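Each structure below is given as structure tokens.
Heads up, the next two complexes both have chain A, just with different partners, chain B and then chain C.
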Partner chain A sequence: MTQLPGLVAVVLVSLATLAIGSWGLRVSRTTSDFFVASRTVRPGLNASAIGGEYLSAASFLGVAGLLLTFGAEMLWYPIGWTAGYLVLLVLVAAPLRRSGAYTLPDFAEARLDSRRVRHVCSVLVVAIGWLYLLPQFEGAGLTLAAALDAPRWVGPVVVGLVVLVSVGSGGMRSITFVQAFQYWLKLTALLVPAAVLLVVWAGDRVSGPSATAADWSVPLGDGGAQGLYTTYSLVLATFLGTMGLPHVVVRFYTNPDGRAARRTTLAVLALLGVFYLLPPVYAALGRAYGAEPAASDSLVLELPRLVVPGLVGEVLTGMVTAGAFAAFLSTSSGLAIAVSGVLTQDVTSKRLPDLTAFRVATVVAVAVPLTAALLLPDFGVARAVGLAFAVAASTFCPLLVLGIWWRGLTAAGAVAGLLVGGAGSVAAVGWTLADGSSGWGDGWVDVVVGQPAAWSVPLAFAAMVLVSRATASRAPAHALRFMVRLHTPETVDLDRS
Partner chain B sequence: MTEQGSPRRVRVTGPDRRARPIPRTGDIDEASPLGGVYLGSLLREQLWLAARVLGLLTVTVGGLPLLFFLAPGLDDVRVAGVPVAWLVLGVLVYPWLVLLGWHYVRRAERNERDFAELMGEVER
Partner chain C sequence: MARMWRRKHLGSEADRATFRTLHQASLAAPALRGGLTAESAERSVRHLRALLGTPAIALTDTAGCLAWDGAGDHHAAQVPPLLTETLDRGRTRGFDRADLPCDVPACEVRTAVVSPLVVEERIVGTLAAFAPYPTAGLARAVDEVATWVSGQLALAELDLSRARLAEAEVRALRAQISPHFIYNSLGAIASFVRTDPDRARELLLEFADFTRYSFRRHGDYTTLAEELRSIERYLLLEQARFGDRLQVRLSVAPEVLAVAVPFLCVQPLVENAVRHGLEGVDRVGHVTITARDRGQDCLIEVEDDGAGEDPERVRRALAGDTALDSVGLGNVDARLRASYGDDYGLVVETAPGAGTKVVVRVPKFAAGVSA
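Then we have the complex of A and B:
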């Protein structure tokens, strides 16, 4: 009986997603529709879609649980995930749109006139995309196991199938509507239960979330200077990593022009800010009611039943389950689009007609991380997301920032930076995942290797600049012309060929 | 951008006889030294603006961990019963980020308008 609201919620969200997706199918006809919704998405709708796509399981379930367990130091995750959009707005948004490219590899190739850079970027997009898809599928398995007592493989398979159908049939145009819908669904699914629970809490006269553990209100990691390093490295990875996430970047090409791209980003900042006010409410209420969830990720799912037992609690649980499921679906869809876009352009379109190529690429983009999620059910959800951010910050962030603002970037410099940043961050976190502790240097080695962004990002920037300087004679001849296109407002009538 | 639907009604008129400024975009299209100067001025303006906004972000939000590290007494400060860390990091940061972004968008659009006017085009 207790599984009924959750089951209803999951079925409803899946049906709504498929219905909106198939409605979008009727208005999607061309390849341009599939990849960039023919570049006609207005800022309001596009911002909702970006918000819907971006707020993954980590935001919907993970943050509240981490806050309950570790306290205020975890507030840096939502702050970084939001501030990343400010950095993106300031450095990247409008020029990226004006570059007129479909994907990150397209941008790199157009800017640097090099197939080699393009291939390195394509590999990185697929790697980051799959790294980020894996925890979405695993989170779905955990959620359905908690809400419905389903076996762990059910969640990944259901999410994978729904994503496959909605992305493969409608492409970017239909997914825009699906994701805009899912932002508002997620916000409602977190806001309404939070409001009800707060009213109940005010009536219950339970004591406030008093900080019984002294450091619950310390916004720093443990261990003095090591905590400070960890916090700053996390801040750097999230502030700079957002612009390098493939599913975020691909949405910017759907704006009509550079100005709209900026306004979209500003709206995203506001939408994320509103959403991230809610997880601390769940954490505080969880503390006030002494919640001790089995896994910290399930706090949001278990809190309603704990505070209001009975029918109301069941209905509220159904709501948050719906929101969580929407979170898996929308983030996975966005990542599947981004990965399959790159696979289509670089692999399948050489052998197959346009739409078939996109659909085959989508199947591959979903099947690989799905298989990995089924084979490795305990990969560590939060770690994989952190790795994705660190890798994106150490590779695509320097490429975008230098490519947009510095005429002197060369193809050799870009490849050097991508390899140094990518290898450094992947090796560091891979080491941590595999081993976890060396015990060298009072634990400093583990801390520095465990949060690589603070050194891998500057290293990647340095490699790009130094190697570009050394190969300055091979700077692409059209660099100035390309920068003109990136920075000139559309109202100025230029030759934009 | 409005390709769908029926074509828009267009009023047919004779050629515009008023003197029209000659657009200076040719210099930019041909990547002449003068074009480089025009673009350089826009690029510097926008980069300087970006640096100012990012600097503000670094000092305010980026300074918070250091502040709490150097002044551990702040952990116990409460405003209306809420620990100040939760208030600042959980609530106040977000309107501040939106304000910074809003400021940036306004100034960036103004820079672009100035540039468009310099190019001899009036904004549509």
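Then we have the complex of A and C:
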């Protein structure tokens, strides 16, 4: 009987997603409500959609698990994932929208007028997308194993198939409404059980063995200087990585102008801030009720049964399962669309007819990380996502920040920075995923490689600046004109052609 | 051995001199293709000096010096009189020390050869080369280079007239919509003036907004949201005329409303749909407008259930046959192809008696396109 709530939840979420996706078009039959139908997406709705797409398995499951196991130092994950939008708001949101770019490669091409930079960016988008998809599939395996007692391979395959069908068939006619719905679903699925569990806990007054342990509340990693390095590196990766996530950037295109992009980002900050209050509650309750740190990623799913056995616990488990499933679906489909879009544009469309090209690209986009998730050992959902952030911070962050704020950037400089940052961070990620631990230099090598952002981000910035300076004569001719377009508010009357 | 091979490979000394000359010319060409301005003169003049190998060189328009490269630029002020004489004569002229008085010791600018730049039988400026001694070779070289520069400027003129032509086509399209539509709309509004003055006033305001959008001057692109708003006004005015006989259905994925589209690329298609769907038949006509999100692209479909059309005639209209009455179909197709490449032309699905569906595909991003 324990499988029933989970099964119901998974089926309901899938049905709701497909239903909203196919009804999401705004339809008007009389000209009088034409105006409503052709009104652009409001910042509030768009922010919900960004939140829905962004809050992945790592946020829904991973954060609580990490907090349970390692303590307050892991709070930097949710803080960084939220604060990334602050950096995005201040430095990137409005100019990126005004550039008219839909994807990151589009921005690179528009700014630097170079196909070569575009191709390098495309490769990086695919790499980051796959790295980000991997933990989503792993999380799915975990969730279905916990909720339905299914083997670990069932979850990835089910989510992969649902994403493949909805993206590949063009079934998502209006992704904005679907994703906005997913945000509120995820928030509710975490908030309601948390409230119930807190009430129960207030009645129980349980206090587990280690709930008050001092080392659990230290906001820095263990190991003195190494812990400090790890923390700062993580902070850098998450603060700067958000702007380089392919599925987040494409959502900004839905904003009608730069001002709306800023308002949307502000709303996203608020929505994420509210959401990330909840995982620490689960972690703290897990500590109080003595949950096992070993199965950390499934803490959110196990906790309701642990605290309130019986029917209430089953219903709450169903709710969190629904939220977790929504998390995989929304993030995975957003990423699959972003990756397959790049693959279609730069690889398959040159060789295959239109629709086939897109379908082949979608299959490749989903199949590669799915296979990796089935073959590679479980790695920890939040950590794998953290590595995707490190790659994004080491590549697209310098490109966006310098591209928007420094007119001296050249195509050669951008390529150099992308290659240096990309090679450094990808090598580090590969080493970590392959579980390479050497123990060299008192473990410093493992620490530095395990959290590459602190060196790879400055290195990428330096490479971009130095090579751009060396090739200053080859700066794109339209750079100044393009900068004017990026930074002039739309209300200013200006010939932008 | 390797050295000999390389020499042989690159040709004789004369061959290499030719290559060098052609290379210098190719460096100067891009700037000159922008027309004769102070900026293009500044950017091309040093390549032209390298081509001629003289100590100094100047490019002028018909009024004065635009750019000077090389030594002795204190002579720049002496150029206008030389210019006037050359313009009067209309051919290449030499000038000696008497025309270029100088008290700077060892100044190399002692004599000049000034050759006019002629575009479409009109002198637009001159190329002036300065050297210590007059030689016949220099006079010939300056003459030839001036002819080559004139050729580049003629190409610039061609580019400009091509751009003007494209602009004129858009303007023609704007003018093309108007006559029938203005006449019919004003007629429809007039019929409401006595019976429903409020509605007449509203319609007049819609009409004013519609014309303002259609006749706006700057920008080749607009957002899909703006274009749809204009279509809304257009349909309101048409419904005033046709009443319930015109049924419109619009479904839009909100993601694509911010897409930049060529100005007036959907509105003419809707106008066609209304005309084909309603005129000549005495029944209710349905027009459906759909805008969908397709990943990197946006798909816009305009469909009517009217009389349909012979596909061969549509093919001819798309090929630019203006004898057919499909307003702007060929024009919209040409502008879409010009903006996004040949993959993005119009797709028309039609047959006699089966209605018409026109599909516009627009990429969300294309280099150089912004609303």
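The criterion applied here is as follows: the second predicted complex is superposed on the first by the 443 of 497 C-alpha atoms of A that agree within 3 Å, B and C clash if a C-alpha of one lies under 4 Å from a C-alpha of the other, contacts with A are read in each partner's own complex, and residues count from 1 in each chain.
By definition in this document, a residue touches a chain if its C-beta (ideal position, glycine included) is under 8 Å from a C-beta of that chain, and two chains touch if they have at least 3 such contacts.
Bear in mind the structure is a predicted one, so any value in this text is a computation, not a measurement.
Student: Of the partners chain B and chain C, which touch A:454 in the superposed model: first, second, both, neither?
Tutor: neither
Student: Should A:345 be classified as contacting the first partner (chain B), the second (chain C), both, or neither?
Tutor: Only chain C is touched by A:345; chain B is not.
Student: Just to be sure I read the superposition right, which of the two partners does A:480 touch: chain B = first, chain C = second, or both, or neither?
Tutor: first
Student: After superposition on the shared chain, which partner residues are touched by A:41: those of chain B (first), chain C (second), both, or neither?
Tutor: Second partner only.
Student: Which of the two partners, first being chain B and second being chain C, lies in contact with A:256: first, second, both, or neither?
Tutor: A:256 sits against chain B and chain C alike.
Student: For A:337 in the superposed arrangement: first (chain B), second (chain C), both or neither?
Tutor: After superposing on A, A:337 lies in contact with chain C but is clear of chain B.
Student: Which partner, chain B or chain C, touches the larger number of chain A residues?
Tutor: Tallying touched residues of chain A, the top partner is B.
Student: Looking at A:102, would you say it contacts chain B, chain C, both, or neither? Reply first, second, both or neither.
Tutor: After superposition on chain A, A:102 lies in contact with chain C alone.
Student: Hey, what residues of chain A end up touching chain B and chain C alike?
Tutor: In chain A, positions 39-40, 256, 495 sit in both the chain B and chain C interfaces.
Student: For chain A, which residues count as touching chain B in their complex?
Tutor: 39-40, 72, 75-76, 79, 82-83, 85-87, 89-91, 94, 208, 211, 214-215, 217-220, 227-228, 231-232, 235, 256, 259, 262-263, 265-266, 269-270, 272-274, 276-277, 280, 284, 405, 480-481, 483-484, 487-489, 491-495
Student: Considering only the defined contacts, which chain A positions touch chain C in the complex?
Tutor: Touch residues, chain A against chain C: 24-31, 34-35, 37-41, 100-103, 106, 109-110, 113, 170, 173-176, 253-256, 337, 340-341, 344-345, 358, 485, 495-497.
Student: Spell out the part of chain C that touches chain A in their complex, as residue ranges.
Tutor: Counting only chain C, the residues touching chain A are 218-221, 223, 225, 228-229, 232, 235-236, 239, 247-255, 257-258, 260, 292-296, 364-365, 367, 369-371.
Student: For chain B, which residues are in contact with chain A within the complex?
Tutor: Those in contact with chain A are residues 1, 23, 25, 28-29, 31, 35-36, 39, 42-43, 46-47, 49-50, 53-54, 57, 61-62, 64-66, 68-69, 72, 75-76, 81, 83, 85-86, 89-91, 93-95, 97-98, 100-102, 104-105, 108-109, 112-113, 115-116, 119, 121, 123-124.
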